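Across the two complexes that follow, subunit A remains constant while its partner is subunit B and subsequently subunit C.
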Partner chain A sequence: MRSLALAVPALALVALALYPTIATGYGLRAVLQVFTWIALAGSWNLISGLTGYVSFGHVAFFGAGAYTGGILMASAGWSWPVAALLGGVAAGVLALGMGWTCLRLKGPYFAIAMLGLNEVLRALVSYFEGLTGGGNGLSMPTLDATVPIYYAMGVTALAVTLGARLIIGSRFGLRLMTIREDEVAAEAMGIPTFRHKLLAFLLSAIGPGIAGALTARDQGYIEPLSVFPLATTITMIVMALFGGKGTVWGPVIGAIVLFVAQEMVWARYPYIHPLLFGAIIVAVVLAMPRGILGLLQMKYRLPRTI
Partner chain B sequence: MEDVHKSFGGVRAVSGVSLSLPRGRIYGLIGPNGSGKTTLFNCITGVERCDRGRILLDGAPIQHLKPYEIARRGVGRTFQMIRVFPELTALENLLVVTTGPRAAAEARARELLAFVKLEGLAGEYAGNLSYGQQKLVEFVRMLMRDPSLVLLDEPAAGVNRTLLNELLDAVRRLRDAGKTVLLVEHDMKVVMGLCEVVFVLDHGEKIAEGPPGTIQGDERVIEAYFGR
Partner chain C sequence: MNVVITPAMIGQVVISGLLSGVLYSMVALGLALIFGVMRIINVAHGPLLMLGAYTTFFLYSAFGLNPYLTVPISMAVLFVVGLVLERTLVFRVIEAPELSSLLLTFGISIALVNAAQLAFTSDLRAVEYLTGSWVIGPFAFSKSRVIAFVFAGALTGGAFLFLKSTRLGKAIRATSQSRDVAMVCGIDVGAIHRLTFGLASALAAAGGALIAMIVAIQPEMGQIWTFKSFLVIVLGGAGNYPGALLGGMLLGLVEQLASLFLTTQLSEVVAYVLLVIVLLVRPTGLLGGRQT
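Right after this comes the complex of A and B.
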């Protein structure tokens, strides 16, 4: 069982590494998108799945990374790997500032504040035209980098997932869960909850920041509406919930299954696909509020780090 | 604790209470519902910040500290309504409190679970345990930090006789180990049998203080409980 649990991800990893040598253009783009969703849903899970502080504006970090990376590439001519890392740094800095003020808020108030952050960023980016191109968007020099971006996004998704594995398997991860379970009791037991939340929030912003900058490079063009969409936040939340919030592999499974489902529904029913997709989401959340892995974990006493 | 005040809006929950708790004894805090007992607990543990007055722990003021800082200085508590972490296992409930090497922490956690005969349920989610078992988990979780001052909010509520006696034995052993215990309790038999000094609160003020025998006969205490 244990060797199987190691063999499956290892084989998947090798297959994904070799995939670009045989892939069609569509196939490569599809897997790249799955990588992006894994990085986003897995990152959201670190703050919201573990501490219960639901971030309703997590795409703000994606957008901040996209614009930081985009400006560095387009205006300063930096190479994309460096720009991508700095996109992650920028998102982390933003998370520290935002978390410092907003993580003192409880429950729905934090969710709403994060929603507000995303709108504010979009407005700021539109306003400072000189730097960001405003509503006209920002174009990067043409460069076909799909294969390198594929690998970079894959490594990002892997890093987020391995990071989650390390955190959830540690007492730091358990302490994050005590915040979700009962914050007052956690404090009374000597756990500095604010510091824990802030660190989790910082960690949860870096992945989306890098993914945003990589996406900017990949698409070659960004504009405020394309990198700060609320729908992206909702999709990453649904993926994490579907797979199992608070688990390591839940967001990965959620991203793969829902991405494939979305593509299939979209191909067959182009006009009503949002409706069908919405119905699937409602059904799943009603039937399995813990998500696939959460359900299995409770039922079969699986280890915490699945 | 000196001259502690706490109001919620226009309600004076605690007004001008001073208590002194020399080490190594068991103290009781009693009073009718709404007399300010839990508020006083919350002030000591930093959950509420008192409006006025000082709270000293070993001579150092702690009334301005955050709850986790107070816990780290050796104040442990249990809650009136049980507050275990339901989706963590019994063992994890204790582990989260620890830092340092994990193996040693786990050994200590298992030792404490064995102390209340719950070692067989270490891997069970705390939310699946019975009320009494959760109460024990909460009790030993509080002991993980080896607190010097132990605050128990209604330890006897909803606990059967056998379990209660075990719990009371454990409290006495804590006292024998040199710890100070302050408990809020409605069950007078428990208070009278266990506590060495009893404080009585009414309408946020301390109306009596002394050994249980003296308190029972105190005019103002009888009046507060039964009316004139």
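Right after this comes the complex of A and C.
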């Protein structure tokens, strides 16, 4: 059983690494997007799945990374791998600032403060036209780097997932989950809750920052509306929720299943896509709030670090 | 940006701020009611307002009704919509953690917006009824805004009176103070939840009907109102109903002042910074609310 649990992901990794040699343009792009969603949903899971603090504007970090990376590539002419890493750094700095102020808020107040952060970043990016191109957007120099970006995004998704595995298996992760269950009790047991939340928040921002910068490079063009949509936040939340929040593989499963479902719907019914997406959200929330892995964990004796 | 700011301009800005502030108060009162009674933040509040605006538009354009007469009809229609939404979906997440209710109402929200796009198309529509302004001294009073102010003031006042002195209003306030004790006192808490959701939707609809005469109508007009209503209730103190009144006025003023001294684009940013400061200094809002 244990060797099987190792063999399946290892085989999947090898297959994904070899995939670009046989892939069609569409296939490569689809897998690239799945990687992006894994990175986003997995990162959201680090703060919200583990500590219970609902980040309702997590796309803000994606957008911040996209614009940091985008500006460095377009205006300063930096190479994309460096720009992508700095996108992650910028998102981390933003998370420290935001977390230091807003992680004191509880429950829905934190969720709304994060929702607002996203709106504000979008307004600021539109306002400072000289730096960001404003509503006209920002174009990157042309470069065909789909395959390298495929690998970079894959590594990002892998790093987020492995990071989640390490955190969930560690004392740090246990403390985060204690905060989720009862923050006052956690404090009383001597856990410095604020510092733990801040660190989790920081870690949860880096992945989206890198993914944002990579997406900016991949698409070659970004604008405020394309990198700060609330729908992206909701999509990553629903993916994590569907797979099982607070688990290692939940966001991965959720990202794959929902992306495939969405692609099939998107291609067939573009006009009612939001309607169907709304229905999926309602269904996931009402029918399976614990997600696939959560249900399996309840039914069978599975390890916590699944 | 070398505009000289005269006292008359500031006066004008204060007038505009207060005129739109009461609209904010009324719409936000709906959100505050739902939050107070059900502990839910209804992300679909703005799209409900949008439906109210479309109801008014169609009654006006198809039946030639006086748009001000359509306000009570819009409210009645959305009261029923709210009732149905609560009875079918929202009541299931009342006890759940906040993530469930946020997501559920967001799902309802995008479904409503999409349905409106399909049914009404994304074309901009307008109810051109009362245009122009009354000019008194150095100040201009936009006619439609003044009448909206009067309507919103009256409706908000009526809502307060209802909450304060009727049996049902008292039952709503009792439920918002403690669901369990209210239940022990013989209040049908489920019915109060439905009623509250219907009432809140009706207040949003009144906002939509009045706004329909001021700005263009389109399916995505609502979302910004959800966010503004959040701002208002947090500023005033979530679950504190008079606080919504104060918060609405404050938001109206701040927005207008920000657009005078900075630019219109940044008024949202200023409002948000205000929100974060209030949350940090007085997390329970200016008039004090309740912690969840």
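Keep in mind that, in the parts below, the second predicted complex is superposed on the first by the 306 of 306 C-alpha atoms of A that agree within 3 Å, B and C clash if a C-alpha of one lies under 4 Å from a C-alpha of the other, contacts with A are read in each partner's own complex, and residues count from 1 in each chain.
Simple rule for what comes next: a residue touches a chain if its C-beta (ideal position, glycine included) is under 8 Å from a C-beta of that chain, and two chains touch if they have at least 3 such contacts.
If you're wondering where the values come from, they're calculated on a predicted model, not measured in any experiment.
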item	value
Which of subunit B and subunit C A:I272 touches, first, second, both or neither	second
Which superposed partner A:L286 touches (first subunit B, second subunit C, both, neither)	second
First, second, both or neither for A:D182, with subunit B first and subunit C second	first
In the superposition, subunit B vs subunit C on subunit A residues touched	C
Touched partner set for A:P192, first subunit B, second subunit C, both or neither	first
Partner chain(s) touched by A:A231 [first = subunit B, second = subunit C, both, neither]	second
Partner chain in contact with A:E119 - subunit B first, subunit C second, else both or neither	second
Touching partner for A:R171 - first (subunit B), second (subunit C), both, neither	first
Partner chain(s) touched by A:I256 [first = subunit B, second = subunit C, both, neither]	neither
Interfacial residue positions of subunit B with respect to subunit A in the complex	45-47, 66-68, 71-72, 77, 79, 83-88, 92, 95-99, 102, 105, 123, 125, 141-142, 144-145
Sites on subunit A touched by subunit B in the complex	171, 174-175, 177-178, 180-182, 184-193, 298, 301, 304
List of subunit C residues in touch with subunit A within their complex	35, 41, 89, 92-93, 96-100, 102-104, 106-111, 113-115, 118, 223, 227, 230-231, 234, 238, 263, 265-266, 268-269, 272-273, 275-276, 279-280, 283, 291-292
Contact set on subunit A toward subunit C in their complex	48, 52, 54, 56, 101-102, 104-109, 111-113, 115-117, 119-120, 123-124, 126-127, 230-231, 234, 237-238, 241, 271-275, 277-282, 284-286, 289
